[in-house]
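The two complexes that follow have subunit A in common; it is paired with subunit B in the first and with subunit C in the second.
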Partner chain A sequence: MPEFLQHLANAVVLGGTYALLGIGLTLIFGIMRVVNFTHGELYTFGAYMAFMLAGLFGLNFFVSLALAATLGFLLGALIEFTLLRPLKGADIDTTMLVMIGAWIAMQAGQQLMWGGVAKSVPNPFPTEPVVLGPVSVGPIRLFVLAVAVVLLAVFYLLINRTKLGVAMRATFQDPDTAALMGVNNGLMYTLTFAIGSGLAAIAGALLGPIFVVTPTMGDLVALKAFAIVILGGLGNIPGATIGGFVLALVEEFGAGYVSSGYRDAMGFLLIIAVLAVRPQGLFAAKERIG
Partner chain B sequence: MVRTGSVAVLAIGAFLGAVPAWAQDSIKIGVNEPLTGAVAASGNYVTNGARIAEEMLNAQGGVLGKKIQLIIEDNKSNPKEAVSAAEKLIVRDKVPVMMGAWSSTFTLAVMPKLIEYSVPMVVETSSSGKITTSGNPWVFRIAPTSAMEARAFGEKLGQLNPPIKKADFLAVNNDFGRGASDEFRKMLEAKGVKVGVTETMAPEATDLSAQLARIKQSDGDTLFVTTGVEQITLVLKQAAEQRLPHRIITTGGSSSPDQLIAQAGDAANNSYHILFFAPWFPEKAVNPDIAKAFVEAWNKKGYEFAGLTEGFRGYDGITTIAAAIKAAGKAEPQAIRDALWNTKVSGVNGNIAFTKEGPAGKESGQNQPNIYIVQIKGGKVTLP
Partner chain C sequence: MTARLLPWLFVAIMATLPLWMRDQYILYVLTSTGIFIIAAMSLNLLLGYTGQLSLGHVAFFGIGAYTSALLSLGFDLDYGGAQPFVLDPQPVWLAFLGGILLAAAFGWLIGKLAFRVRGAYFVIVTISFAQVMRMVALNWVDLTEGPMALNNIPPLTVWWPGEGLVPLYKKEYYYLLVLALAVVSFLLIQRVVRSRIGRALIALRENESLARSAGINVTRYLVVATVLSAGMAGAAGALYTHYIRIVDPDVFMFIYTVTMVIMVITGGKGTLAGPVVGGLLFGFLPEVLRDVAQPEVQWIVYGVVMIVIVFFLPQGIVPAVTNLFALKKQSGKKQSGRNGHRPAAPRVSEGASS
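What follows is the complex of A and B.
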């Protein structure tokens, strides 16, 4: 039983970060329908920015997090403006190829800039864990979970309850009608991509201090983000959130009770199973991307 | 336009001029290391050590009257890339001998190419037993096998206080990790120590909480961890988060304790590390003068001190290769291989010499290295 509870606690904490990755990508991949291969690189970018600001410049950790997210947001806007905007109307293959190119270029750039040796982000949290009965969790992980939960709620409300959210969704459902209603389509594209990128960057900045920062840290993460989005149903924020937690639970219990060597395989087995039964994902009612 | 043209002509001229000069004046040695990817830190450290050897040898006039020139290729912490790097070094750069490829998995992947092209390779880090027992006569290993490491550690078991009663294992899920946990398990069982669970982790895994939660439930007192420094950092941090009661001992010599202190902080305290060079105490080395000179050269280059525990491998590897080339009298693969059998080098780890291992007629060379155990205490590396 104590082992079960510890696994459960681990899964919940991990699930929060997975959900954060998932909602960033579900905005871009699910709503904009851009197969965003740079998502993992923005995650890496966020982590390196946190390292640079908090580690090299000695800025306050929380300020560094906010700045890293802002820089990620701006980089996302730049990517949309320079790479995606000229491709408006191009088919999905072309966009995908451009995004793969951007992914490779960004990873190589990070490599060049920071070198291959892992960096660690200093943080003000004590290493002494928080202990509740048989379960113990690092304080920084609880902080990350709290931030993730707040961000999930904020973005759920933003997309579903605000005028901006309506304008965003309208743009991607029917750009012409949205434009007729006075929505600035171009701005919506840039904004959505930038917000999704900012979320990836803050996920990286939050997880950087827990793990270590390396140029290739985004690869597995991007793969998982895609899995989460597909699991939860495209463009569905509650779906991505639940998808994130489900993936974490499956990985954690799979590793704990079946085999730790196949930890990452567990999640993908689950996705194959879900897609076989419910091709549109767990929570989406709409059709899937072609 | 005219300007660009003339620059280009100049550049081509310089290039053409340089190539033959190179070919006459240098002996190439291929280096195949993970400079990027999951185990990049170690690969960079080893390569830095190799560069120091190159400089020192060239400062002494090189080998056979020629300069040594390292051709360094990045295997990107990936066995497929390690094979491509080896092929590139052999076919395009025509190196007569190589050093590589850090991880056992990368080295095992490269080994068939050594037979295919008949080029010898000095293995500086990999510890999987399979490397020298699979019948590849082009492999010469200066690093200890996991079995040797386990045996040497077994002799020092009495130094641990309190003694190990029950041990658990956490190993990276590849040839290195699985090989080491098997050998240490066998050694401990032979000494009457109980063995609990063995957990594995993917090489690029970052969240190890599930494995640690499971290990916590085994009532062991000591956890043997086998992986590279990046993952050891994560294990230490996450073990502290989960209040793992185990004493942690890392095997494989790739723990770079100073990097652990810098990156895992307090979580690194009280962990033990099996190393093949203890740069804090060069006077304890078998060849103290060589060890001191190496540490001095490393510091002079401004390399991170943390990298010395891996960097020496590159130094010893290249010095061994250079000695073999000198003995061979020519920079040709077959001659270098034959010479390696009789090469005796005083290295940073100790005295390097190869004995035969593996199936008769196709033996690989294996050196008998020394091991050290250090402990991190209060943010400092100490001898327990």
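What follows is the complex of A and C.
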């Protein structure tokens, strides 16, 4: 039983960051319909930026996190502006090939810049775990979970309660009508991609201090993000949130009780199973955004 | 007429190469390029003719490689029974065939599963499949030796009058074997593409609902194409493993799939010659770049080339060149005769280069 609770606690912490990744990608893949292979690279980018700012420049850890997210946001905007905007109206395969090209170039670029040796992000949290009954959790993990939950809440409010959120949703439902209502469509595309990218970057920056930072860390993560999005149903934001936690649970318990070597395979088996049984996603969207 | 003879002239020149090319390194590069061209051709059957991007194509390549290696080395497997299952080493060509068959069987399975969905979903299912395969190769140490790799894989053999089966240890002979199999694969794909199956595939690529309403069983043809493609990729993988004579889980690396994809789209997807042209280009590019730059730079170049091709030459090199010649002919002879006999009209990609 204590073992079970420990796995559960680990899964909840991991699930928070998975949910951030999933939401970022469900915006881009589910709503914009861009098969965004750079998502994992934005995650890696966020982690390296946190390493650079906190580790090399010695900036405050929390400031570094915020800056890493901002830089990820800006990089996302740049990608949308230079690569996706000229391809507007092209079929999904064309954009997919461009995004694969961007993915390879970005990954090799980060490898060139930082080398293959793993980096770790220094953080001010004590290493002594917090013991809550039978479960012990590192303080940094609790912090990561708290940030993830806050960001998820902010994101929900942004999409559902603000004018910007309404404009974004309107753009992807019906760009022409939205434009007639005075929504700047191009700006909405850039913003959506940038917000999704920023979420990926902060997920990387948050997990950087827990795991180590390597140039290829984004590969598995990108595929897991796709798994989460598919699990939740395309463009379904609550679905992606739950999907993130489901994937974390499956991985954690799969690794704990079945085989740790196949930990990362769980997500893929989950995707294959979901697509075979319920291609529309587990949580059939009642209020689908997009 | 000349257009018909040109490919054979090319093959003839390539076949005489070992006679005058003494540089072993170039032969080595050409052999592995040839193997990847076979893999790229198999990918083209899916990507070019059905429009479905299989981003896990390396899975079939790897399955062919591992199966053929294991069958030719023999293995024993403890499945929990009293006696472990023991397989003695099998003749290499039997192992080779086994590699093709298992890869094709997985192609059937993936086709059945993945074609319930299209487009992006298919891509993600295939990537996931390749990742699962890599993890199986890493973790099923009893069978695959995991990261320690399978070593001392016997080379392929050839029957020679008076000498029986001769193992191909020499680079020249292996090169010729790969060349021969590449020609066979090319002809096979040509036949398929120009057959009823090929026409059905092109029809569904261009307009799936129209093809469906014309009575084409879309999913069945897609599965057939996947089985053929997977089997051919498996053959390429088996050729590769008996050539380098070692196989480890890195054979499932995503970058190999990317190499195949980039060969196909640069050369021209949906054309027969495309993967060959793209394959030669990207078989030699790393060798040229190796002397001047780090491997990371090579990947950056790959990524950028991919983007540039999609933006400026969305149909690839081969259709662009054929169109150029067709235009010249037309303006010179004032539209005499049919222009070219390309098997497939290049796909119209709306607004890709605007």
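Quick note on the criterion: the second predicted complex is superposed on the first by the 284 of 290 C-alpha atoms of A that agree within 3 Å, B and C clash if a C-alpha of one lies under 4 Å from a C-alpha of the other, contacts with A are read in each partner's own complex, and residues count from 1 in each chain.
Everything that follows uses one rule, which is that a residue touches a chain if its C-beta (ideal position, glycine included) is under 8 Å from a C-beta of that chain, and two chains touch if they have at least 3 such contacts.
Just so it is clear, the model here is predicted, and its values are computed rather than measured.
Of the two partner chains, neither subunit B nor subunit C is touched by A:Ile23. By the touch criterion stated above, A:Leu112 is placed in contact with subunit C alone, subunit B being left untouched. After overlaying the two complexes on the shared chain, residue contacts for A:Ala276 are found with subunit C alone; subunit B is out of touch. Contacts of A:Thr94 after superposition: subunit C is touched, whereas subunit B is not reached. When the shared chain is aligned, subunit B and subunit C each come close enough to touch A:Asp264.
Of the two partner chains placed around the shared chain by superposition, subunit C is the only one that A:Ile104 touches, whereas subunit B remains out of contact. Judged by the touch definition given at the top, the superposed model places A:Glu252 against subunit B, while subunit C stays out of reach. Contact with subunit B, but none with subunit C, is seen for A:Thr214 once the two complexes are overlaid on the shared chain. Contacts of A:Leu231 after superposition: neither subunit B nor subunit C is touched. On subunit A, the patch touched by subunit B and the patch touched by subunit C overlap at residues 111, 219-220, 259, 261, 264.
Contact residues of subunit C toward subunit A in the complex are 51, 53, 55, 113-114, 116-117, 119-121, 123-125, 127-129, 131-132, 135-136, 138-139, 254-255, 258, 261, 265, 294, 296-300, 302-307, 310-311, 314, 349-352, 354.
In the complex of the two chains, the subunit A residues touching subunit C come out as 29, 35, 83, 86-94, 96-98, 100-109, 111-112, 219-220, 223, 226-227, 230, 259, 261-262, 264-265, 267-269, 271-272, 275-276, 279. Contact residues on subunit A toward subunit B in their complex (touch as defined above): 2-3, 6-7, 10, 13-14, 111, 115-118, 120, 127-129, 131, 136-138, 141, 210-212, 214-217, 219-220, 251-256, 259-261, 263-264. For subunit B in complex with subunit A, the touching residues are 34-38, 40-41, 43-44, 173, 199-202, 204-207, 209-211, 213-214, 216-217, 229-230, 233-234, 237-238, 240-243, 262-267.
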